[in-house]
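Each of the two complexes below includes subunit A, the first together with subunit B, the second together with subunit C.
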Partner chain A sequence: MNLITALARLLIFPGLLFAVPVAWFFLWVERKSVAMMQERIGPPFMQPFFDFIKLLGKSTPSRSGVDGLLMKAWPLIAVSAAVGAVGLLPVLPSSGGFEGDLILLLALLEVPAICIIAAGFSSRSLFGEIGSAREAVLTVSYNIVFLLAIVSIAFSQHTFRLEALAQLPATPLRYLGVLAILVCIPAKLHINPFSLPNAEQEIYSGPLTEYAGPELAMWQLSHGLEWVAATGLVATLALPHVAFWWLGIPIFAAFSFGIVLLLSVLAAATARLAIDTTVRFYWQCTLVFAVLAISSALFMRIRS
Partner chain B sequence: MNILTMMWRNVRRGAMTLRFPARPPVPSGFRGLVRFDPALCTGCAVCRFRCTARAIAFSSAKTEFTWSYDPGQCTFCGRCVEGCKTHALSQEPSCPPVYLTIGNLKTSYTLARKPPAPKNGAAAPPPAGDRTKQPTKGDAQ
Partner chain C sequence: MNLWNKLMCYSRRHSPWLFHMNSGSCNGCDIELVASMTPRYDAEQLGVCLEGSPRHADILCITGPVTHTSVRAVQTVYAQVCGPKAVVAIGSCPATTNVFIDSRVLAGPLNRHIPVDVFVPGCPPRPDAILQGVVKAAEILAERGRTVRVPEPAPAPQSTPLSSAEPGEGQP
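And now, the complex of A and B:
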């Protein structure tokens, strides 16, 4: 991948220019479908875009010192990392990539969560600190499973390159890994039943309580981009390889859309779990599958 | 699985939210806007005394008094209606209207004072002056 290709992927497709409208679309789909399942009308199609523009036009209270600077920096870092993660997705067949881009993608996917934790503590709000503490515990809980699942997939197929993974024929082990990733995504995206870091009835918006205006707009954008990156990662790992780009892109988009709908159904059908129940769920129930996946990957590696 | 069935039913049934200006039906005995009957009012001002939200204002002179009501401040508790011995007040069984400006729904009545009732059962003298005036909307005071 040369510099021009990398910049085109980061800024145009599937990066910033493509991912931002898709992020707003996914946010709308989630809100609208949950509303329909709750007998509400839901927001109009352009609402996430209107929210973003409206927030950009608002002024924020001035904060002095290092805290103020950090509070401005965290959402920008989160958006940049999320755009980078989306830019690495092999949406187009034979779109390049490099050995180890899966590891970079995982690292970039973690950055928004770390930024949210840091933002909550930087804001010096009680609700922010509680939300950050919850986010930290949640991140530690689901990431063990998430990382083990992805490593087992990559390990069993002898590559950490996303495009190669997308092109290789899927194995039962890969589907087991994708299932484990799917279980982790609601926690990654803070939707029910794992929405405890931003439990609005208890701690307002958690780490984002003190945020307003353009900074809050950036957090919302980062959240939308996380949706795109997470669903795109699952689509990359779960979908069979398609040689034609004109067929590959619609299949990729339709699959991602299906995952968004599935997650919306989960969000509408469940209530928020407490922190101890969430931790127990990931450490006791889901970890078994992840360990099974990694041990199977090791076994396959030894056999081959 | 019950919740999934319920959600599917909700999706098929469509949204239950009413779009403005449609209003939801109200049950019988619903406490809506306070209605005022000037013919029955004696100007005792008990309603003003009972109104904790200060939606009812009352000013009095020797020959006339002014009764005004601002639904924007009303909590529709119904204490004024309960306290009105002449039943000059009642409540509409419908949702209060929407207003865009403070005091837009305010109504004001200026009425002539009724002479005191005769003590020995004698016939009451005719009322002095104009008894009622038309309610004036938006008469912010």
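And now, the complex of A and C:
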């Protein structure tokens, strides 16, 4: 992957220029599908875009010193990391990529969560600190399962390259891994039943309580981009390889859209769990499957 | 007006985020405000969002007749809402102090402490009236443009009720 391809992937397709409208579209789909399930009309199509523009035009409270600087920096870091993660997705077949880009994608997907934790603590708000502590506990809980599932997929197919993974025929183990990833994604995206860090009305707005105006707009954008990256990762791993790129892109988009709908149904149908229940769910119920997946991957590797 | 300003005005009118504050209300108006967010009235089709933090909000919805203990809180929360902002006084209490007039625990009405843009009268007002008030406030917000209105200095809150100058009148 040379510099021009890398820049084109980061800034145009599937990066910034393409991913930002898709992020707004996914945010709208999430709200609209919940509205339709409650027999309401729901927000208009351009609602996330209007929210973004409106937030750009609002003033922010003046903050001085290192705290103010950090509070400006965290949302920007989160957005850049999320754009980088989306840019690595192999939407176009034979679009390049390098050995180990799966590891880079996982690292970039973690950055927004770390930024949110840091943002809550640097805002010095009591509610922000509670939200950050919850986010930290949640991150530790679901990431074990998430990473074990992805490592077992990559390990059983002998590659850490996204494009190779997308092209290899899927095994039953891979579907087990994708299922484990799907269980972790609601926690990663802070939607019900794992909307603990940003538990609205319960701890105000969690880590983002003190954020306003353009900074809040950046947080919303990074949240939307996380949706794109997470659903794109699942689509990459779960979809069979299609020979024609013009057929591959619509299938990829339709599958991502389907996952967004599935997660919205889950969010609308469930209520928020308590933090101890959530942690117990990930450590006691899903960890078993992740350990099963990685041990069977090891077993397959030894036998082959 | 250039394109960016037009887009900004349009976005402000279509994305009013609310923060709800109770300044000593009997809960009647609070229930009606919550009812206007329910699926039956579907405020979300107007872009309305009830936010958890005053920092995120554009429109401050205040219920209640403003008791002495809540005056400081009202002023603090008003200052925490980032500009441009609008205030909607929900119910008759913040407008006139309603049936609690002459009470010695009140520092109301609300517009003695912060500038109010829209009054929604009623005891309590119906959810559709509240939504109409919110939409009106969003229009005011859009017209206010990019300049943030500096609130006129609030008069010092009187420690005694309005009618205490005339002893005997209206007192039990």
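Criterion: the second predicted complex is superposed on the first by the 304 of 304 C-alpha atoms of A that agree within 3 Å, B and C clash if a C-alpha of one lies under 4 Å from a C-alpha of the other, contacts with A are read in each partner's own complex, and residues count from 1 in each chain.
To be clear about the criterion, contacts are C-beta pairs under 8 Å (C-beta built on N, C-alpha and C of every residue); 3 or more make two chains touch, one makes a residue touch a chain.
As the structure is a computational prediction, the values presented were derived from the model and not from experiment.
**Student:** Sharing subunit A, do subunit B and subunit C clash or fit in the superposition?
**Tutor:** Here the two partners, once superposed via subunit A, clash with each other.
**Student:** Could you say whether A:E39 touches subunit B, subunit C, both of them, or neither, answering first, second, both or neither?
**Tutor:** Both subunit B and subunit C are touched by A:E39.
**Student:** Just subunit B (first), just subunit C (second), both, or neither: which does A:C285 touch?
**Tutor:** neither
**Student:** Answer with first, second, both or neither: which of subunit B and subunit C does A:T209 touch in the superposed model?
**Tutor:** second
**Student:** Applying the touch criterion given at the start, work out whether A:A269 contacts subunit B, subunit C, both or neither, answering first, second, both or neither.
**Tutor:** Touch partner of A:A269: subunit B, not subunit C.
**Student:** Going by the touch definition up top, name the partner, subunit B or subunit C, that contacts more of subunit A.
**Tutor:** Between subunit B and subunit C, the winner on subunit A residue contacts is C.
**Student:** Once the shared chain is lined up, is A:D51 touching subunit B (first), subunit C (second), both, or neither of them?
**Tutor:** Only subunit C; A:D51 stays clear of subunit B.
**Student:** Between 20-28, 56-64 or 92-100, which subunit C stretch has C-alpha clashes with subunit B?
**Tutor:** In the superposed model, subunit C runs into subunit B at 92-100.
**Student:** By the touch definition above, which subunit A residues appear in both interfaces, subunit B in one complex and subunit C in the other?
**Tutor:** 35, 38-42
**Student:** Note which residues of subunit A are touching subunit B in the complex, please.
**Tutor:** Interface residues on subunit A, with respect to subunit B: 35-42, 265, 268-269.
**Student:** Taking the complex as given, what residues does subunit C use to touch subunit A?
**Tutor:** 7-8, 10-12, 14-15, 17, 39, 42, 44-45, 47, 49, 51-53, 55-56, 58, 80, 82-84, 146, 148
**Student:** Over in the complex, which subunit A residues touch subunit C? Could you list them?
**Tutor:** Touch list, subunit A to subunit C: 31, 35, 38-44, 46-47, 49-51, 53-54, 56-61, 127, 200-201, 203-205, 208-213, 216.
**Student:** In the complex of these two chains, what residues of subunit B are touching subunit A?
**Tutor:** My answer: residues 3-4, 7, 10-11, 13-17, 19.
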